[in-house]
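First chain written, first letter: the chains are A, B, C and D, and each begins at residue 1.
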Amino acid sequence: MILITDKTIDTSKVLNSVKSNLAGASVLFVGTTRQFTGDKETIQLEYECYESMAVEKIQQLVDIAESKWNIEQCSVVHRIGVVELGEASIAVAVSTGHRKESFEAAAWLVDELKIQVPIWKKEFWADGKTEWVHPNGVPRPSPKDLNSIEGGG
Amino acid sequence: MILITDKTIDTSKVLNSVKSNLAGASVLFVGTTRQFTGDKETIQLEYECYESMAVEKIQQLVDIAESKWNIEQCSVVHRIGVVELGEASIAVAVSTGHRKESFEAAAWLVDELKIQVPIWKKEFWADGKTEWVHPNGVPRPSPKDLNSIEGGG
Amino acid sequence: MNIKIKLFAAAREMNDTGELTLDVPVGCVVKEMKRMVSDDYPNMSELIMRSAVSLNREFATDESVVCEGDEIALIPPVSGG
Amino acid sequence: MNIKIKLFAAAREMNDTGELTLDVPVGCVVKEMKRMVSDDYPNMSELIMRSAVSLNREFATDESVVCEGDEIALIPPVSGG
């Protein structure tokens, strides 16, 4: 299941979507709105998405993950719009025969999504300021690299 | 939450138990009864536990994890008795400020639980045979090591 | 030729619109297109420098040729998850 | 002195009981206790060799002294998870 939604993410549904008798392990990652970043307080987040491209990019990442690990089932759900404190902005679930692969694949999918998938976060700080998050500290891969990540895509 | 139970594990309850506004990431690991190990078919598993020691050992592992990573909340639930195909035998949930720590701590807790906590699995194979699983391929840590794992215990 | 460029996040808010229209020469490549947008919308120039461009929902290189009818978007550094 | 040793999993099934009673000398250490159980229950000797012993719910070493009233268990290689 790949889904971009403006509704609350039902994390148990995401976990259930990767159920398989062939799997011995499932890992569910849930990203939630954190109240503090250092000493700055967040009151809510808002996510915006280039939906058609995001869905295609996520599908490419899932395809690559399935070529790198022996995955039974895999789901990625991202929420857009306002996300309140403690609510889930993202849920990634992976089931595999053995646990090492579930952990690795789920962590990799989240890492890559944060680099490659056109979704943006707006911080609403407690002091009333707002800020679109467009990270520039870490160099992001050049567009060329993005299309030639190992395994194709 | 640390729990040994002979009832079905409610995985969403385990995930909810680590909810925190201070957490930006939660990882839930679920171990399930896998139908095939190589070409051998399992029809069910049965788990047995030295409960008082298991609970103490799990608590020690959680304490160590909390000293190694910046953990908000942490839960470990293990089922005992018969566990049917596809059902959960174990659920481990960890919430942290940032995702790397959730993945690492959850994976570490499962790894250590499988080495140190007195719980045993009985395989019921499709050919009618049964087998208590007492691994001997990999050398297990000596009892001395078990009590002096980094961070104490 | 006329092209349309989708804007998102800070780029969209800076211009109060989710889409720009731009007249570019035939054979124009992404690098040139970015410079032209930067010239027309100097408020975005810093962000444009740090942004990627997608053509038909794939990341393009600086040398990718922009064709009429392409689905074009300016992709500021992403922050999903 | 009399001690009781909890048995689990294959050890429990081999003996159809979850607890053995054993008479050991005062000052007996874990290594000796394991050998005495092995002598009395040769069907378990291979498994005992691969098993740990816990005293009061902590893993003991070969040289740990077994005391009267200790909660003692034979811990075959574990396989939870």
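Note that a residue touches a chain if its C-beta (ideal position, glycine included) is under 8 Å from a C-beta of that chain, and two chains touch if they have at least 3 such contacts.
None of these values were measured; they are calculated from a predicted model.
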item: Shortest chain-hopping distance from chain B out to chain C; value: 2
item: Any chain in contact with chain A as well as chain C; value: none
item: Averaged-CA centre spacing for the pair chain D and chain A, given as whole angstrom; value: 49
item: Length of the line joining the C-alpha centres of chain B and chain D, rounded to whole Å; value: 24
item: Whole-Å separation of chain centres (CA-atom averages), chain C against chain D; value: 72
item: Chain B residues counted as touching two or more neighbouring chains; value: 31, 99, 110
item: Where chain C touches two or more other chains, by residue; value: 81
item: Chain contact topology (line, ring, star, complete or other); value: line
item: Complete list of chain pairs which touch one another; value: A-B, A-C, B-D
item: Chain B-facing residues of chain A, complex; value: 11-12, 15, 19-36, 85-86, 95, 97, 99-100, 102-103, 106-107, 110
item: Residues of chain C touching chain A in the complex; value: 6, 8-10, 12-13, 47, 50, 52-54, 57-62, 73, 75-81
item: Chain D-facing residues of chain B, complex; value: 31, 47-50, 52-54, 56-57, 78, 89-90, 110, 113-122, 132-136, 140, 142-144, 146-147
